[in-house]
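The two complexes that follow have chain A in common; it is paired with chain B in the first and with chain C in the second.
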Partner chain A sequence: MPGIWILAEHKEGKFKKITYELLSLGKKLKSKSGEELCALLLGSGIENLANQLGPYGADKVYYLEDEVYKSYLNESYTQGISELVKSQDPSILLAGATALGKDLFPRVAARLGTGLGTDCTSIDLDNNLLKITRPIYAGKVLMEATIPQTKPQMAMLRPNLIEISPVDSSKKAEVIKSKANPKKEDLRTMLKEILKGESKKIDLTEAKIIVSGGRGMKDKENFRILEELADAFGEGTAVGASRAAVDSGFAPHDIQVGQTGKVVNPTLYIACGISGSIQHLAGMSTSKYIVAINKDPEAPIFQKADYGIVGDLFQVVPLLTQEVKKLKSEG
Partner chain B sequence: MEITREIFWNIGNVRILIYLLGLVPIIVLAFGLWRKIKLWKIGKKENRYDQIWKRIKTTLYYGILQVRTLEKKYPGIMHLLLFWGFVILFLGTLLIAFQEDVTLPFFNFNFFHGGFYLSYSFLLDLFGLLAIVGVLLALYRRIFLRPESLDNKSDDFFALYWFLVVLVTGYIVEGLRIAATKPDFERWSFAGWQLASWISFLNLSTDSLKTLHRINWWIHALLSFGFIGYLVYSKFLHIFSSPLSIYFRTFDPIGMIRPIPDLENQETFGVSKLEEFTWKDLLDTDACTKCGRCQDNCPAWQSSKPLSPKKVILDMKNHLVEKGGLLLQKKQLSPEKNLIGDVILEDELWACTTCGACMRVCPVLIEHIPKIVEMRRNLVLMQSRFPSEVSLFFKNLENNYNPWAIGFATRADWAKDLKVRLFSENKDIEYLYYVGCAGSFDERAKKISRALVNILNQTGVNFGILGTEEFCCGDHARRIGNEYLAQILIQQNIETFKKYNIKKVIVSCPHGYNIFKNEYPLSGYNLEVIHHSELIYDLIKKGKVSLGRTLDTPVTYHDSCYLGRYNEMYETPRRILKALCSDLKEMERSRYQGFCCGAGGGRMWMEEKLGVRINQMRVEQAQKTGAGIIATACPYCLTMLSDGIKEKEIKNLQAYDLAELVELSLHK
Partner chain C sequence: MNIAVCLKQVPDTETKIVLNSDSTDIVTEGIKWVMNPYDEYAVEEALKIKEKYGGKVTILCLGQERSVEAIRTALAMGADDAILLNDPAFEGSDSYTTALVLSKALSQIEYDIILTGKQAVDLDCSQVFAGLAEFLSLPYVSIVVGLELFPDQKKALAKRETEGGEKELIEVTLPAVFACQKDLNTPRYASLPGIMKAKKKEIKKLGLAELCLNPEHVGAKGSKLKKGKYSLPPQRKAGIKIEGEIPEAAAKLVKLLREEAKII
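The block that comes next holds the complex of A and B.
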């Protein structure tokens, strides 16, 4: 009884967007091959989550339940998934090219002795084989490939590329709960505790909007006005800093953007009091829109910026915050 | 009375006994040295046996004349006194033995009398005194001056006191003998004579003088013999090991890193175990005299980072004693100690800016940087362990051949509105201007490239650039330890150089200058390499550029390590600056003692989390001179210094490249 399987990724009681994207992709593949679409869910005490996947297109949900699956661990997940795959023999196995997917699927593929299309920007079906498209040479070229020799066909899809198809709230998926029997004695690593970093906000690399401050912020306290602007933008916004600001002690190192900090890629990057040294540009120049606020019209950041405001950031940023709040309240 | 003295006067017929006694420490010494040589030979093979004449000359220069040791006055003179004092005393003693055991018994020839005896006595008394002055200077330094560079362990003092007792008992023996025999000609043994006159105040009987003489004679003899045995097991091993390390020195320029040969067929890279070092590396650890000059000049140590070159060498030395002995017995250290991690910390290795100050000041020519880079190579190529921020640097070099994530296709964009020819579009070009990554992409460094292009165009130099065919030179990658990546970049550049048959290259970055000049030949490409300061100075000399003293503020020059220590170019940049300003100030640390900006050895691409920031220290040193401009000749130095000025909020100090200052003067 072959099928199209997708790995349902979840965190803190919620599915990640990639799960719905994979189901949407799965529906498309199902329309070609006619095989059933199944979600693979690992965890402990999350029956409620298992029941949520039907409306997104899942026919079946294989729910592997055990205490060891409560938090993701490469070894235990690999063990559970490959055992189940061996017994159920699906023809296709998909996951997101997320941090988790990239960690897990290569190992699963090796365990199953099959090929794996990594980091795909599109996945299609051709003669029951996955036809994958993936960028190579740092995105300079797109490559199309199939891996005809092995089964199951495995691939990983980049997040944020597929539109989620309409939800059919009447559809229900059959939940097949299998009390997994993980061989705990084979596991060499154990997760004891997850320690959170200093920054309370969302991770910079995941933020859609970043408000960033440089040496021009003059003081640690002044980062407050950047926080206010970020709060006005709302969810998905994070505060960053340049190396100069971090070195001066204005901001912690884990929010540093640049060559020796984080490389970010948000939709909107607002650089406040950042001159735009090449070390900083190396970390943010691929942002979709760059707004620069700086007193010095000669600052190199203006050469990279889509919009530049020459002025005192301590006047400009609060005004910007007000305007954003106004626009948001107007809906 | 014949002018001579009786050998073994007052001692009796102890000749055989003395030789037997003397044999013991000599056997101990020989065994000790033999064992040391066996320990050094644990290291891998390396050919340092060529160029014998050059090696002998270098040993005379650094070993006998002690030119490096004398670069620091106090300890230099102190050491020279000790050295020559003991050399002359030792030769003098040998000479007596030569007469007594060779010329006298076999040829019945006695030269130890008359004028020879008198000058001999005078000379030995003089050099003995000089040695005592040396010991006292050393003690004064260790007890009162206590420089940070010295460890001051108890065996340092033990050795000095030993010296002192040997020397002083020598004079007492002489003084007692003269006091007892009173020959007038012994005035020539001026120190012993003076001592004898003081002893005669004590009004001792001849018998008591003789008894005292005998006691002191034996103390002197036994301590001298003991010293010979003690040599190998103390810091005095350096009497043997340091001349060896000098003799077997590398003739490579300071800081030069040789490519890993036949990279593709190697199975391990770099050094992770003691026995993977070469025998010369291991010899170096025993050649170290703990003088601490390396650490005095090390920017990492001076900025409170965990690296001290001296500590690295001494930690290796202790590891050699501990593990080497077991290896010779085919045993393993238990528990095993990792060379990297237990003996030398990763933080130490990553703190190195490869500035070369340690190697430049080491009196015995120890080669620190190649060892550090070999260990980095192992970390990077075998263990994939390096500061996390470096992975982005590697990735960018792999994808776009520059350290920043900027598309390689835009490499020539800086020159778009300038009159610059491309090799791909023109034949007949004489000079390649290799712009380098900073000069191509960094807004600040692009100003240097533009200034230089203006100078070149104004003076009619026939030059061109490679544009998008130019790749990173590979210097930073090599020094971080990613030899694989470095060789890819080097090979690609060499292919391009070959394609256009490039013979002369102008470089505005000392990192490119150094690797092209010293390391590309080892990968198979020789070319004439010209740094822009050499070129500008040449243009001035030829009268093609006339500079006015346009800078009305005092200027100080920051030596780039890769131009200065690596390639000994100290004066050319200064000559240009002297043409531009009337007041060229020197920082306390300059020329061969110049203080690194903090960016070398790939440090540019790492966070500086430990200690004080090196660039901030450097701009403060510049500030002290009262200069308004800090001039440099390296784009990375320029970045570090500019950042330092901003970070320390120093008003009235600005950093410029030489080329910018020259171009400014041309416009006026």
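The block that comes next holds the complex of A and C.
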């Protein structure tokens, strides 16, 4: 009966892609241990969402429905999840290594007195023991780890790594509404306001394609040509920057890629005017395909790139935008 | 406002990492050690708060003897007191036991605010801030890029980064833990008089006995996450440089992205 649990993350009435990735991973783990696969979600007005997860592989869906969960707060979510987990005693508890997961799961693990693997690139089962692999030193090294003595074994999966398995529309999950609701007046934190970002693009860590600019961009205004290329690629594309570009004031820090920025894992990473410092390479070298555009043929980035163009990015990038648009319009 | 800052000493981000012979750790000889970059923002923020509201900044660091160098950097920037948590029993700590030891030390000092970096750039676990909050029964805000205090009301307003450029404003009751992110401030350089003064400052050392901890509950023994083998990620090989005039090269690249990489 102890189960494999995944935290189903949703936003604005839709599940995030990581939820389906976690269920796909969960199915694989279930085939090894035989334990039931359960999804857990919290929110307000989420009954309809809770009913959608059967076809993706959930045997059971637990949902915590309350006004207090309308806005995410680590305090209330930790309490709800911990109480439910203590009562059901699952052997595994997984979330996405997303902004929400990374804020929430460390406290859930501390409260449950168990171990947690952050930002895992591989999660497997061996004799009911979770075997995780995670990059450390920003990806310069991979570390294997286990949580042998405590339950649940907790881990966060890096987005974009798992292929979503086929949907079985006939499969139904048992949907269970649970109650473990902290009182709003007992909380010591309160969400006052959400400040929307300038761009509506998705987060770098979840992007399929990243168009990234470095010192060679020369100016903040010039990032516009990267935005245009990103727009040409369409949905799932984000713009990134190197530390040199951020420190020069060309781009905000929340799009910085590298050891003191974000570690990313897109299908395609296009590095424009980025020389490729050891810190930057650590943050993006697991990208499936890397394209480098740089004037300097000796730039270290070319050693990591699948495709390189030696040339002026201000000439190359707009031409790429044109070509991508042309190809897309041809269908 | 008394502020406690928890920091860690880590290899400089320029370091080329080499594994030891049995792949259980990295080779530490010859490494240049620095204060964890994110902890610099925590130290700077603590100093700014002290300058505005008065009080004392205390540095806490769990680590080997060499960590005093990172502590001295913080003292040279302007921190008042420092505690090194050092004991052979602490070796091999994971986030859980690190937070446990730090929380024991924190409960021996006075604080209104606890600041730390959002993650250490060595093991990248990003969990200690939450463990501290849990063990001390405090609220926390992570990935903080802005912090405003209201000491009279014992409250703070923290701006935190979420995703896709979005930010949240969180009101929190003090005392609380804040995990600092890069955009929060610009860390100052230590002044020469600061460096001279820091050299003479006493760094208090606390171990297992002083913290009344059970050796079974700390270090590698008490860790919940057990480290296994280390390996180096597969090296990428350089691919092809697309030759020719720029317009042709651009067209060829897009064609390759569609036909080989199947992206477009």
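Brief remarks follow.
We take it that the second predicted complex is superposed on the first by the 197 of 331 C-alpha atoms of A that agree within 3 Å, B and C clash if a C-alpha of one lies under 4 Å from a C-alpha of the other, contacts with A are read in each partner's own complex, and residues count from 1 in each chain.
Note that in this section contacts are C-beta pairs under 8 Å (C-beta built on N, C-alpha and C of every residue); 3 or more make two chains touch, one makes a residue touch a chain.
Given the structure is predicted, the values throughout are model-derived calculations rather than measurements.
Within the superposed three-chain model, A:Gln303 lies in touch with chain B and with chain C [touch as defined at top]. Of the two partner chains, neither chain B nor chain C is touched by A:Ala39. In the superposition on chain A, A:Tyr137 makes contact with both chain B and chain C.
Judged by the touch definition given at the top, the superposed model places A:Ala244 against chain B, while chain C stays out of reach. Contacts of A:Thr286 after superposition: both chain B and chain C are touched.
Of the two partner chains placed by superposition, only chain C is touched by A:Phe233; chain B is not. In the superposition on chain A, A:Leu93 contacts neither chain B nor chain C. When the shared chain is aligned, chain B and chain C each come close enough to touch A:Gln259. Looking at the shared chain after the overlay, A:Ile278 reaches both chain B and chain C. Put simply, more of the residues of chain A are touched by C, taking chain B and chain C as the two choices. Taken together, the two complexes place residues 137-138, 253, 259-261, 263, 278-279, 285-286, 303 of chain A in contact with chain B and also with chain C. Against chain A, in their complex, chain C makes its touches with residues 11, 13-17, 19, 26, 37-38, 94-96, 99, 121-127, 129-131, 133-135, 139-143, 145, 157, 159, 161-173, 176, 181-183, 223-233, 236, 238-242, 246-247, 249-251, 253-254, 256-258, 261, 263-264. Only residues 137-138, 215, 244, 247-248, 253, 259-261, 263, 276-279, 281-283, 285-286, 300, 303 of chain A touch chain B when the two sit together in their complex. Interface residues of chain B facing chain A in the complex, by the touch rule stated above, are 389, 392-393, 396, 399-400, 403-406, 438, 441-444, 605-607, 609, 613, 639, 643, 646-647. Interface of chain A with chain C (complex): residues 73-75, 98-100, 102-103, 106-107, 109-111, 113-119, 131, 134-150, 188-203, 205-206, 209, 233, 238, 252-256, 259-261, 263, 267-268, 278-279, 285-286, 288-291, 297, 302-312, 315-316, 319-320, 322-324, 327-328.
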